[in-house]
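By letter and in written order, the chains are A, B and C; residue numbering begins at 1 in each of them.
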Amino acid sequence: MELLTLLLPILDSTVRSATPLLLACLAGLYSERAGIFDIGLEGKMLASAFMSAAIAYTTGNVWVGLLAGIGASLALSAVHGLASITYRGNQLISGVAINFFAAGMAVVAAQSWFGQGGQTPRLTDESRFSPITLPFAETLQDTPIIGPIYYELISGHTLLVYVAMLAVPLTWFVLYRTRFGLRLRAVGENPSAVDTAGVSVIGLRFAAVAICGVLCGIAGAQLATAEPAAGFVKDMTAGRGFIALAALIFAKWRPWYALFACLLFGFLQAIALRPDQIELVLGFKVQLQLLDALPYILTVVILAGFVGKAIPPRAGGEPYVKER
Amino acid sequence: MDQHPAIELRSISKAFGMVQANKDISMRVMPGTIHGIIGENGAGKSTLMSILYGFYKADSGEIFINGNKTLIPDSQAAIAAGIGMVFQHFKLVENFTVLENIILGVEDGRFLRPSLKKAQAELTQLANEYDLHVEPNALIEDLGVGMLQRVEILKALYRKADILILDEPTGVLTPGEADQLFRILGRLRDEGKTIILITHKLREIMDITDTVSVMRRGEMTATVKTASTSPEALAELMVGRKVLMKVDKAAAQPGDSVLQVIGLNVTDENGVHRLKDVSLEVRAGEILGLAGVSGNGQSELLEVLGGYRKATGTVTLSGEKIPLTGSGANGQSRRNMGISHVPEDRQREGLIMEFAAWENIPFGYHNAPEFQRNRLLMNNKAVRTETAGSMERFDVRPPDPRLRASGFSGGNQQKIVVAREIERNPDLLLVGQPTRGVDIGAIEFIHQQIIALRDQGKAILLVSVELDEIMALSDRIAVMFDGRIMGERLPHETDVKALGLLMAGIAKEAA
Amino acid sequence: MNRLPRWIDLIIIPAISLLLAMLFSGLAIWSIGEDPFNAFKIMIDGSLRSTYGWGYTLYYATNFIFTGLAVSIAFHARLFNIGGEGQAVLGGLGVALICLYIPWPHWTLALVGASICGALFGAAWAAIPAFLQAKRGSHIVITTIMFNFIAAALLNFLLIGLLKPAKVMEPATAKFPEATNLPNLHEVLGLFGIPFSKATPANISLFVAIAACIVIWVLIWHTRLGYAIRSFGQSESAAKYAGISSTKIIMITMLISGALAGMMAINNVMGEAERLVLNAAEGAGFIGIAVALMGRSHPFGVFLAALLFGFLYQGGAELAFSTSIPREMVVVIQSLVILFTGALDGMVRAPIERLYLAMQKQKTVAE
């Protein structure tokens, strides 16, 4: 019981930290499974975070904000698609450019619109997503063990958290049980097989990049409009796009693994927020910087292939050119 | 003739940049026939068929299928018009099953399960009908090339193709497997399918086709009934003049043993046993020709001897042991020992395509003293002078050392590689596919250079999949199959048929 | 085949890309209600019309030369070193340690020591991703990104703990001793009687950076190693055939690349701040990517592109000072340069190639 009261808040905040990671990670999954590397997840999230907060604030409607955020993210996806699919440019360089563009433009626009030093005003209750209490959560609250778990951990999150969690089985189904998924996986492995089978490589890849844009948009909106202190501040993604990328590699480009990787990295972020609690549980002090660096270190270890090899989609990163 | 042709092409033209791949090509193929298209590498055969399959778009011209004008902007349209194509490089997704590859693009509805079920039933039927059995749930990466070809044919049939195009289908097959393929094609023809067979092998054309078109340098030079022509006539049409199948050479004067290979074994990264107890010997002043269908270990053997593949066994060069593993096993130390190597694939290995000709001349020998100015710097000026000389001696055209390698024709690119390797005056020259994709004039020149090197008393190991080339150049012939040396023959004591049996792994002494 | 002549490839295409980037930057400035022409004028005035402005421009340019060269040499081996930032951070650590803990008698010796130590630290930070790429095939772009974050965390850890003098709140090392302070451009140019503003951070490191350009130019085009690096970068399979060891090339190239990024610290840490602070590299490692792309990976091109970005940075600071355009506008411009010269290169190139081809065809017809 003691442990539960100690753990629950940490697990609760794990879920919250993991949500934007998971959305961005699945976004990357669609893109990279189709053969388009995307290191611009960070930038797309940031653009959406700004746009969703700014529009939610000005319209007072968080849904309009969400749509605007998705729109901003999609616009950057379109640029990425143009560069890496239409003009067969370097996908990594395009991603770098998008990250910088978003980082710079969000602050420039925020400063120009709101004049508050590159951030948006705090969002009020009406203009942000509020927690949803699931049915019976309050009545069950006093049931031992299950009650608090249901009330604290499962209930009481914002809508986008549930969207993210549902996106995992949905992505699995799309990928492995639908025609679109078969073609998507094929185009990331051998685009010329798809081309000669009479399916448009360009169309498929743009579709994948667009889905990536939508999911990154939701991820950004979750960051900026769903936390209690809602609003946009400079660099608010703080590397989450890259942690999501790390999680994607960690998950070996598979949806369920992605969920676990994101929960793990979310957990690291959650305990980094409460160093006192770790000390209480573990009995010794853990360096915060180590916790910050841990997702990256773990990913490097996975990439090094010492713990199971991460094999990316075979045609990943290569623009499709019909061979002669 | 009141029957419409199954395929009619009218004035098809296609250019890639400045290169005219197809020039004003017209062709008709009647239904229920096998039509061959023959021509040298780079003659434009594959381009033409890729246009018919919608893989490339023609710059101009029209296509008629069964008498109807048909626009084929992409492969989708080609499939809809009843055309299927088996490409030279298979278009399969490695980590998918056979079934998944077959339904890709023609799935039945949005969800996979029902499509797969339906496909499985239909596949069994097709397999029985045409004797094309494959395991539907096997992964592509686990199958051999022969099987993959079946999958490709099934893919086309599953799409209800009435017209089937095959691009160099026998390149990776043994003569026996090729015969089996031809039996299947014959059966398909009997069922009323129209088949186009692209090849550069005259024998195949004579064996199986009803009519044949010849292509040369992007143009279609003739279309004739196969029964009314001869291999010699076709060869002449292919290259534009009489072909000399023979190379003038004096009898070899073999000297001391230069290369000795004893019990060589190679296992590749995927754990496949590529070379199995290979032993052979090359003496000074002789050419040992290594025949075999590609993919039977010849490439691996060249790589081991060239220093970039690890192996076990013993290899000696003029009595001196060559390291096969560890830091001594690299291309640099091989070159220092006097081994030169004309690799099988000049674009992937032999040249840096983006480098100028002069920068390609020291390639592999960039540490050689004559290319250095001092201990720190290379002498680029000396390299350029050297290049100009080599280009003149080997008749490389245009003789411009500053032109990028990619700017030369295939034959001239190969001459640059051959010049670089022969001018090092090696004790042992390894040569892989010296004339693949090289025009006929350059072939003769390169053959003469190889013979000349032999006559200087050098040892030469020649690997080629072209039996004619092996027969013409070699002083002795060894045949490889499945990583083994199947046997050795003298060229004047054997023939293509006997070698073909060895290439198929049939070791019994053929007459 | 149909190849563009070098002058189009090296001058016309980058120029058009730059124009496009400037056009879109202008649009961005216009969209927030400012006058792009006026903004441009302020940038020129603030960065190029006084020796004070030049001092800052050259100071930034010095950073960018180092990181631009770092990215360029890796590009020659077709390696994308996105970890210049982390390597520069570690270089800063190396420079700080050697400046703080060795009693240097004179700045000349200190400069040599710091250059070597910064280079070593930067190279060491590049060594692990390089090793993993060479031996385990781990994608170097991802590992170097990860190492940027790990470097930031490591420095954070050190500056909050071990390296921070007691009783100081700010996470930074102590000031370096006087003897390690580098002469600034005012003093150096003063020797030749050239008047230069005293109040700028530009220092003698600029000349080290220019020397690095020359050394790298010689290395790439006139040495065996450079030849091997370029061969490997153009075709890995051909390099294998030629006996050029991929492990060796990847390791050496990345060590040089990391060393160059690490050497940047003699400018920003030793020359300017004279102590190590958090986030000392200020994104210069990433700007190196833009500089290398813009400069077509050629040391002279890198030099010019670094000047351009130095101008952008100083101009951007002036812009933030005298208009309502925030400094981040420079990041936007930088991203547009990367986009147009790097990722959208094909978009710029294709029409020019078509045009050139058409003209060539006409010429052949006329003949």
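Assume a residue touches a chain if its C-beta (ideal position, glycine included) is under 8 Å from a C-beta of that chain, and two chains touch if they have at least 3 such contacts.
This structure is a prediction, so every number in the text was calculated from the model and none was measured.
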Count the C-beta contact pairs for A-C and for B-C, then tell me which is higher.
A-C
Please name the chain that ends up farthest from subunit A once chain centres are defined by their CA atoms averaged.
B
Distance between chain centroids, defined by C-alpha means - subunit A, subunit B (Å)
47
Subunit A to subunit C, mean C-alpha position gap in Å, rounds to 30
Can you compute the centre-to-centre distance for subunit B and subunit C, using the mean CA position of each chain? Integer Å is fine.
46
In the complex with subunit A, residue positions of subunit C that touch it
28, 32-33, 80, 82, 128-129, 132, 136-139, 141-143, 145-147, 149-150, 153-154, 156-157, 160, 286, 289, 293, 324-326, 328-336, 338-339, 342-347, 350
Touching residues of subunit B toward subunit C in the complex: what are they?
17-19, 306-308, 330-335, 341, 343, 345, 348-355, 359, 362-364, 366-367, 372, 376-378, 380, 404, 406-407
Contact residues on subunit B for subunit A in the complex?
16, 47, 53-56, 74-80, 85, 87, 89, 91-96, 100-101, 103-107, 109-113, 115, 155
Under the stated contact criterion, what part of subunit A meets subunit C in this complex?
39, 79, 82-84, 86-94, 96-101, 103-105, 107-109, 111-112, 115, 118, 239, 242, 245-246, 249, 287, 289-290, 292-293, 296-297, 299-300, 303-305, 312
Quick check: in the complex, which residue numbers of subunit A touch subunit B?
176-183, 185-186, 189-190, 192-200, 314, 322-324
